[in-house]
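What follows is a structure written as C-alpha cells; I'll ask about it next.
Chain lettering (A, B, C and D) follows the sequence in which the chains are written, and residue indices restart at 1 in each chain.
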C-alpha cells in the first residue's frame, strides 16, 4: 500500500535487533533520602505534612502536590494500617506463571493520606480482605540499606 | 474569536498483531499517503504543521522525533513530537489552529509495538524508580489493584467486566481493520487465567501495530477539502497525581477532568442526552466501565449493570466501542486515541460499513495513557460544528 | 491570536549531579517562577513540560512521572519533545496554549537529570542513531558535531582559534551567573590545548552534561496586565525539522534554524534581524554551534559569525550581545532545562532583571533558539519588551 | 537576577558521595530489547550489502537517486520508482578523527569516520562509515574513496559488511 513495489518473498524481509540498555542510579531526593535513612536507622516510617491541605504524605514529599507549599513538617507514621485494595499476582515480569502467587496491596497506614504500595506476607491469598489490618515487617538492621525493600512485606495484625 | 476546527482527512493502516513487511517509516508513509489523499491535499504545500505522538521506549530510540519528518512530508516544516496519546496530538493541532498561526495540521500516531521484545520491562520502567519499581513483578498488577477497588466501591462484578470483553470482541468481528475480533462467551473470560486477580487474561487488551494520520483544518479551509468535515466540538486532557500512593483507586479522575473541559468547550450540559455513541479506553475491561462513569455517561456504579442489560451494545441506548475497542482492535498504545477518534469520524461520515450506527450526530472518544499513568484525553466530534 | 506575555521565571543550579529527584527539580524551578510572578499553583490553568530523552532520567514516559513536581496535579498537562530543541520549543507550546485561548496562565517547566544514566549520558546518546545504518558503527555523539564543525570550517575557511573565542566568551560570561557549572576565565590556548576528543572538537569546545530545571510563567494580556507592570511579550515563534537523513545534507548551514527563524521573524514583523535584534541566546552546546546558529538566525551573513566574534560584537557590551548568560558552555547543558539560559535569560534581559549579566544596550527585542535531534531541529522565539 | 529571587535551589553531589553511600540511591538496569522490521527499503539495502553491492532508489519526479534507499521521496512526498545500483566509491563530505569510543572512553589510535557521498547517487547522497588504509593526516574533505568489503563468507547483510573506505588509487 502506498509504495510502488513490495516483495512477496517473505525470506527477503529482514529485521534488526538491538537494545536501549544502560545502567541507572537514582538519587532518592531531598525528601526520600531522609525517609530512607529513618527506615534504615530506626525502622520508622515518616511522612511530611501539608498544614494547609491537612495531608500527610507517605512517602514524604518536599512539596504538596495540591498547593505547592514547601513541606517542612515531618511526622512519624504508624507501621500499621489497613488494606485499601489488593491483587493476587500469578504472572511474573517475563510473562511466566509464578511458582507461588504474590499479593500486592495498597496499604493505608494510620495517619497517612492515600496508601503505600507493598507486598503482603504470612497470609493465604484467600484470606486477604479489603479493610484487613496489617503491619510492616522490617528486615534486620544490618540488612537494611535505605530502600523500600527494607520493609519485607506487611502481614496481618493478630 | 473561536475558530471552528474539523477533521478533513483520515488515513490508516489496518491493525494487526505484527507488521514485519514495513518499517516504522513505511507504516507511517502508508497512513499519511491515505490521509492526504482523503483530504485531497499535498502535504508539501498545504499542511502548515505536523504533530507526531510517540514515546521513545515504545520505539527503541532515545529521540524518536528525529525519525519522523520524511515519511510525513514534513521535511523543513514545523513539526514536533508530543509525548502523549493521539488525542493529545489533536489537542495541540486544535490549539495551533485556534491561534490563527496554522490553518491545516496533520496529526500522526502509530504503534510498532511488535518490535519491542520486552514490553513488560518497558512498562515497569515507567514506574517510579524509587518507591514502586524495586518491588518488582509484572506492572499490570496495578490494574489488578484498581479493578478490585473499583468493584468494591461500585458493586461492579467480574461477570459485568466479562460482558465488556464479549461485547467488544464481537463488535470487532464487524470491523475489518480489527486484529482481535472473536466470538466470545462470558464464561470464557471468567475461566481465563487469573493473572492479577480479579483481573484475568482475557480482561486485558492484546497489543497491536497500526498507524493513523488525521488532517485537521480551520472552517474556512475545511470547505475546500472535503464535502463532509467532521467538527471537533470539544477537547480536553488532564493528569491526576502520578503517585500510586495518592491516587484515587476507584475513580478515573483524569477522565472526569478532561471530559469536563471538553463538554464545556462543546457547550454540552447533559452528556447522556447529547452524546450518541462513545469510544472509550478499554485497555482493561473494567476500564471501559470506570471511564463511562467518569465521562458522566452513566452514574458511578451503574455502568456494570447497564452493560449487562445491553445498553452499550450496537443497538443499545449508548453504543460503546462499536469499533471493537482496544479489546477487539488491539491496544495500539499512543495510537489508541486516534483509533477511537477514527471510529468517530467513520461513523459520523456514514462510512463505517457493516457496523454503521443510525442517525449519529455526536460522538466522544477518550483515551488513557495506560499503566502506570493517571492521564488521559477526550475529544468530542460532531457532524454539526456546534458553538 | 491572543498576545502572550512572560511574567515570571525560575531555574535551579546546573550541576553535574544534583541530589534532588527529577520531580523535585521541577518543583524548585516551577515554585520559583510562580513566586517571581506573584501567583500560586491555583492560578495556573495549564502546564507544559519540556524534557528530553527518557533515557537520561531512566524513566519511560518520564513526563508522567514528573507531572506533580511540574504543577500538573489535576490539570491539563502536556509534554512536548523535540530533542535538544525542547528548551525553546516547550515555551513555544506554552505560547500556543495561551494564544489559542485554552489557558490564561500556562506554567512551562523544563527538566533534565542526566546524572541518572551511568557511567555517562553517552549511553543514552548511543541510541539516538538509526539502528540499521548508524548504530552498527558504534558511533559516539561527539562524532556528528565533529563532522558538522569540520564541514562548517571547511566551507567558510574558519580556524579553530576563531571558534575557541566563543568558549572563552561564554565561560567568562558565566562567571556572573549564579547557577553556572563551568564558569571560568580561560584563553584560546586553553581551548586548543585541552584534550582532543574527536578532531576538530577539543574538550573545552563542549558544554558539560548537567542536572537542572527551569520554568516560565506565561500569561494572556488581561492576566499579565493584572499581575505585572514589567511583562515581556512573545512576539514570534518558529520551528522546523529537516530530513532524518543527516548524511544527505550539507551540514555547513543549519537550514532548519533559518526556516524557523524566518517563521518567527515574520510573525514578529521583523524585516531586518541584523538590525532589530538587540540580544541573542542561540544554542551553544559546542562553541562552533553559536556561530552556526547566529548564521541560521540570520543575525549575520553565512560565514560572518566568526568575524563578528573576533571583533567583539558579540560580547556582552558589544553591538549584538550573544549568550550573555554564559550559555550552555558556561552555565551547563541539562538539555531541555537549558530553557533557563535561553528563554528565561531573554526574559530577564528584556525586563531588566539580569543583574550582573544585564546587557548595557537597553535591549527591546531579543531572540532565543534551541536545536536538536540529529542536527535537524530548530526552535526560535522572539521576545519584546 | 530578579529582586524576588534570592536563592537558587539545587544540592550538588559528587560521584563519591553516591558511590560511598552518603546519600541513599536506587540502582536499576532495564531489560529493553527490540527487533525492528527493516521494511521494504532497508531489507533490500541489507540484502544487497551481503552481495557486496550498494543500491539506491530513484524518484522519477525530482529525478534524484536516493541513498540510503527509501520507498518514498521526502521532497516530493510520493513513492520512489526504481532500484538503481551504485558504485562503491565516493567522496568524503566531512570527517572526524575520534579519540573517543562509543562509550566516551579514551583511545590512543583515532577512529577515522565520516560521511561518504556515494558515486552513482545524486549529490550529497551519503552515509556514515569508517576510513582505513590512510594516515590520519592524509584525510581531506573532497577526497575520493572506495569501499573495502569483508570476504563474501563473512558478510551478513549489514553496513559493517564494508570494513571501511580507503583512498581511491590513481587510475582506479
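Just so it is clear, a contact is a pair of C-beta atoms (placed from the backbone, for glycine too) under 8 Å apart; a residue touches a chain by one contact, two chains touch by 3 or more.
Keep in mind it's a predicted model, so treat the numbers as computed, not measured.
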item	value
Excluding subunit C, groups that stay connected where the other chains sit	one piece
Comparison of C-D and B-D (more C-beta pairs in contact)	C-D
Rounded Å distance between subunit B and subunit D, as computed from the means of their C-alpha atoms	36
Centre-of-Cα separation between subunit B and subunit A, whole angstrom	28
Between subunit A and subunit D, centroid-to-centroid distance (C-alpha), Å	41
Residues of subunit B touching at least two other chains	20-21, 26, 29, 56-57, 60-62, 69-70, 75, 115, 121-122, 124-125, 129-130, 134, 241, 243
Per-residue multi-chain contacts in subunit C, two or more chains	17-21, 55, 58, 68, 73-74, 115, 119, 123-124, 126-127, 131-132, 243, 245
In subunit A, residues with contacts to at least two other chains	2-3, 6-7, 13, 15-16, 18, 20, 22-30, 32-33, 65, 147
Pairwise touch network: line, ring, star, complete, or other	complete
Residue ranges of subunit A in contact with subunit D within the complex	2-7, 12-28, 30, 32-33, 36-37, 40, 145-147
Interfacial residue positions of subunit A with respect to subunit C in the complex	16, 18, 20, 22-33, 62-63, 65-68, 70
Touching residues (chain side subunit C, partner subunit A) in the complex	17-21, 23-24, 27, 30-31, 34, 40-42, 55, 58, 68-69, 71, 73-74, 115-119, 123-124, 127, 131-132, 135
Contact footprint of subunit A on subunit D as seen in their complex	11, 13, 18, 21, 23-40, 42-44, 46-47, 71-72, 79-81, 157
List of subunit B residues in touch with subunit D within their complex	19-26, 29, 36, 42-44, 57, 60, 69-71, 73, 75, 112, 115-118, 121-122, 124-125, 129-130, 133-134
